[in-house]
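All remarks here apply to the structure that follows.
Which chain is which? They are A, B, C and D, in the order written, and residues in each are numbered from 1.
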């Protein structure tokens, strides 16, 4: 069995619809419920819920918590997937990259545009792809989403802030 | 084939998740898409989208539009189902009751607590029940939801505004 | 809380796909799992799994078990829904009708054309309609399916054996 | 846009439930319908339905059709995913391997244990993983399923014929 760590931090992928407020919010962890729909006979996914925040509300203290957790887990030599909100995902990824040198495993950031369990959600697709990428990619930090792999220093949000695209090379 | 009219006015049942804003909104009609999941070999459901509003934003001009549409349709002697937001559903129902006398068909108001297509949605259940009630109930105005039928003058929202309950009789 | 008894006997509605054999079979009860998707705040559905058979294999001993159970439950004065395979559903319904006189509650037979949980299934629709009919119909024995209610002595299978239709009156 | 060819040959992944026969069969192609649930903004998946057979019924003439199609497509230098029934998938994969030398793209065989759209199906997971693997794997022939990648000459079915496992090395 291959171990894969899955750190959850919130973002759209885990948002739920609250009947009390009539809005979507980061209230409860729900990755586990959807993870159980995947068949992973040779993978042991260990879920660690770190926080449950809209990524616009994520602070550098929060990022320090993520970094510390990642550092501790690296001793196990197992790949790490991190679910994260879109708006500051690249920021968190670059922060990890600056702090972590000589990685021996891949670290994969992923997210969703529509929450898990809502019509048309891309959450389970991205989770499936990220867990698969965790077993295939070389050491490094990546964003994995929608059948694409972006090294963290090659990705940026597009103008409308809803998608990730390749960063144009500056010559 | 029995005709059933289905008037849609918005409310939670038709809300969609907008990836641009990250919130749920009344943007597009979506009843048709879910209605097509039901098997109705002996019923012809004619959908008339009247408006697509959160029911807190519904005005008396809007209610006049609903009333006029219902009046026009009554000539066909076919039952009418109206999807509506929770907050002012009883208000609209009582308004119709005051204006319409000697009904010969049932008029059924229904709604959802979680939008159609979201995990745990009650939308398709309520739609199924309302279309079924449309063929069984006596003439009158009713709220149909969650395996229950409330005559419009016997129902009120509970304290937390999320459910309908029987109005206590005042002696 | 209104009590509704739900007797399950098998049929297509409860069939599961077996990965071992690559075929659909009546192996496990699964009504409970789907029933939990419905919101029934004022109804207490008591599920009694009687057997789990393709209705072509149902014998008169099986029907006697159903009849005995129904008789025992009638003392509670609560409506009864029975899930049943298509092929011999009318036979079972007529058998119950001959044996039970002066009914004080409705008894509703229902089924599915595609098993619960398979794409395009009509199982949850028919279950929703039957539980709703249980609270509305007059005493008697009925088939409820696809937005329709058939008194048991007015229904027959159509030529292709997949649907129920009204029996033509013999004058 | 990266082109990915998707050849479909039948097998469990495409089986449908037939209401006429009450059994699961390879009747219609349905990959397209499920493929449209995935977001693939940078990938153009070209679906080529070759046949729709239970893999036990697949003949060497059928395999020759698959081989010929693959050969023709190799000129495009795009990865190829093939959906296939379980029982003879390894046989087809080894047949392709013997015939094709100096591959410049990955060829990925995948399948499902439960058909697409049935409760608990692993079809969309395997399709997602295979399309992702198509963009990441080195040239070669592989089985991709359940978060695992098996080179075709290292895989065998287990004793119960429902899973794939690593072939033990013969020293």
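We take it that a residue touches a chain if its C-beta (ideal position, glycine included) is under 8 Å from a C-beta of that chain, and two chains touch if they have at least 3 such contacts.
Computed from a predicted model, the values in this text were never measured in an experiment.
Note on connectivity: the fewest chain-to-chain touch steps from chain B to chain D number 2. When each chain is reduced to the average of its Cα atoms, D sits farthest from chain B. Centre-to-centre, using mean CA coordinates, chain C is 40 Å away from chain D. For the pair chain A and chain D, the distance between C-alpha centroids works out to 28 Å.
Residues of chain B found to touch two or more other chains are 113, 120. Contacting chain pairs in the structure are A-B, A-D, B-C, C-D.
Chain C makes touch with chain D in their complex at residues 12, 16-17, 19-20, 22-24, 113-120, 160, 162. On chain A, the positions that touch chain D within their shared complex are 37-43, 113, 120, 122, 124-125, 128-129, 131-133, 135-137, 146-149, 163.
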